[in-house]
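Sharing a structure, written as structure tokens. Questions coming.
Chain naming follows the written order as A, B and C, and within any one chain the residues start at number 1.
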């Protein structure tokens, strides 16, 4: 019977779980930022979200687009495009029995690149900071993906 | 060798698989709603999607934006932002050996909150129904995420 | 103790890992296409992305919307809506101990349908090619989802 590698007693898996949780948690952090910007600018996506009324009963906020809200939403979308595949590929990657040190650095660099990406996007820091952090994260995923493909092919 | 927990013979995992499948299936249910609204309002995203022609050969539908279509798409996007991380975190959470009862209620409350969220979004029901159902679902995920982090750290 | 099925020594899992990696890799392929179109049309999503300046120091590109960029982005979003749930459902499906031949064809048809979908979207090929490839991919997922639900319920 095959060895069970998807367990916290496998140190590679424990590192993978830790950095996956950090990355998903970081992704959730953008949500209150978007909500805050919607309320502070009075910009909502749906009619029923506009709750506040002035004395005459007219809505005091509007359904529309606000650049700071959209910036948060683009960040969230970019996180989905990167953090979800990272975790999915990671499950396969852990099963290719990578070296603990090599694997941990893949996970660490990915998680760190996504934190830098968010800071570069939301502060914002001038380019190419965001482009580079995106590229570094994508690079670690391509490396993991390559190892899964060569292992399974 | 470590115990194998990612199997249907682990009751926590069986519950997790069941509510994950329910949540992903619910997510797919929004797709035909969006397609139906595109056809009934004649609003498409791509030129080549406009198939119908009048007698003079002019398209009878248009490429554009329709609020009821967008409402469906926003719901779909919100599902991706929540249901995908739920399933991803769930795999790690199951491996932290949670109590069956506690875990099942996490999965059940999450799946239920997403069904309420969709109903509140698509009927639509007035706020704060949708905001609350979103918050409850996010709360169950944060609880699972916290347990994964404390277990792996 | 339960048999360990989430391992490359399980041929169903090895096939699943292979076609998942192919599908996620295909999804990443759209990214450089979007970046290329942003630069070739000079259309960016964020102010800080517009780096190039003319002799007078004015930006030579603009923040805005370009149809070819949007076509790439819609493709990417559709991939997320389909490839992520495929991999998530796949993990559960592998654990239902499907027949190797049946399972491999599910994975193969899904991955192939998503490649056809991308070609139909980006060339573009006239409808109903894209709609059919989307439907075929969704069909394989619904079949897998059904088996997970009946196995876990």
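To be clear about the criterion, contacts are C-beta pairs under 8 Å (C-beta built on N, C-alpha and C of every residue); 3 or more make two chains touch, one makes a residue touch a chain.
Not measured: the values here are computed from a predicted model.
A.B. asks: For the two copies chain A and chain B, what rotation in degrees overlays their C-alpha atoms? Round to the nearest 5.
C.D. replies: A turn of 120 degrees brings the C-alpha atoms of chain A onto chain B.
A.B. asks: Between chain B and chain C, two touching copies, which fits better, same or different residues at the interface, with half of the numbers shared as the threshold?
C.D. replies: different
A.B. asks: For chain B and chain C, what's the span in angstrom between their mean Cα positions?
C.D. replies: Their C-alpha centroids are separated by 17 Å.
A.B. asks: Which residues belonging to chain C are in contact with no fewer than two other chains?
C.D. replies: In chain C, the residues touching two or more other chains are 3-4, 6, 77, 80, 84, 88, 91.
A.B. asks: Under the stated contact criterion, what part of chain C meets chain A in this complex?
C.D. replies: 3-4, 6-10, 14-15, 17-18, 20-22, 24-25, 27-28, 31, 45-46, 48-49, 51, 76-77, 80, 84, 87-88, 91
A.B. asks: Where on chain B does chain A make contact in their complex?
C.D. replies: On the chain B side, the touching residues are 1-6, 71, 74, 77, 80-81, 84-85, 88-89, 91-92, 95-96, 121, 124-127, 130, 138, 141-142, 145, 148-149, 151-153.
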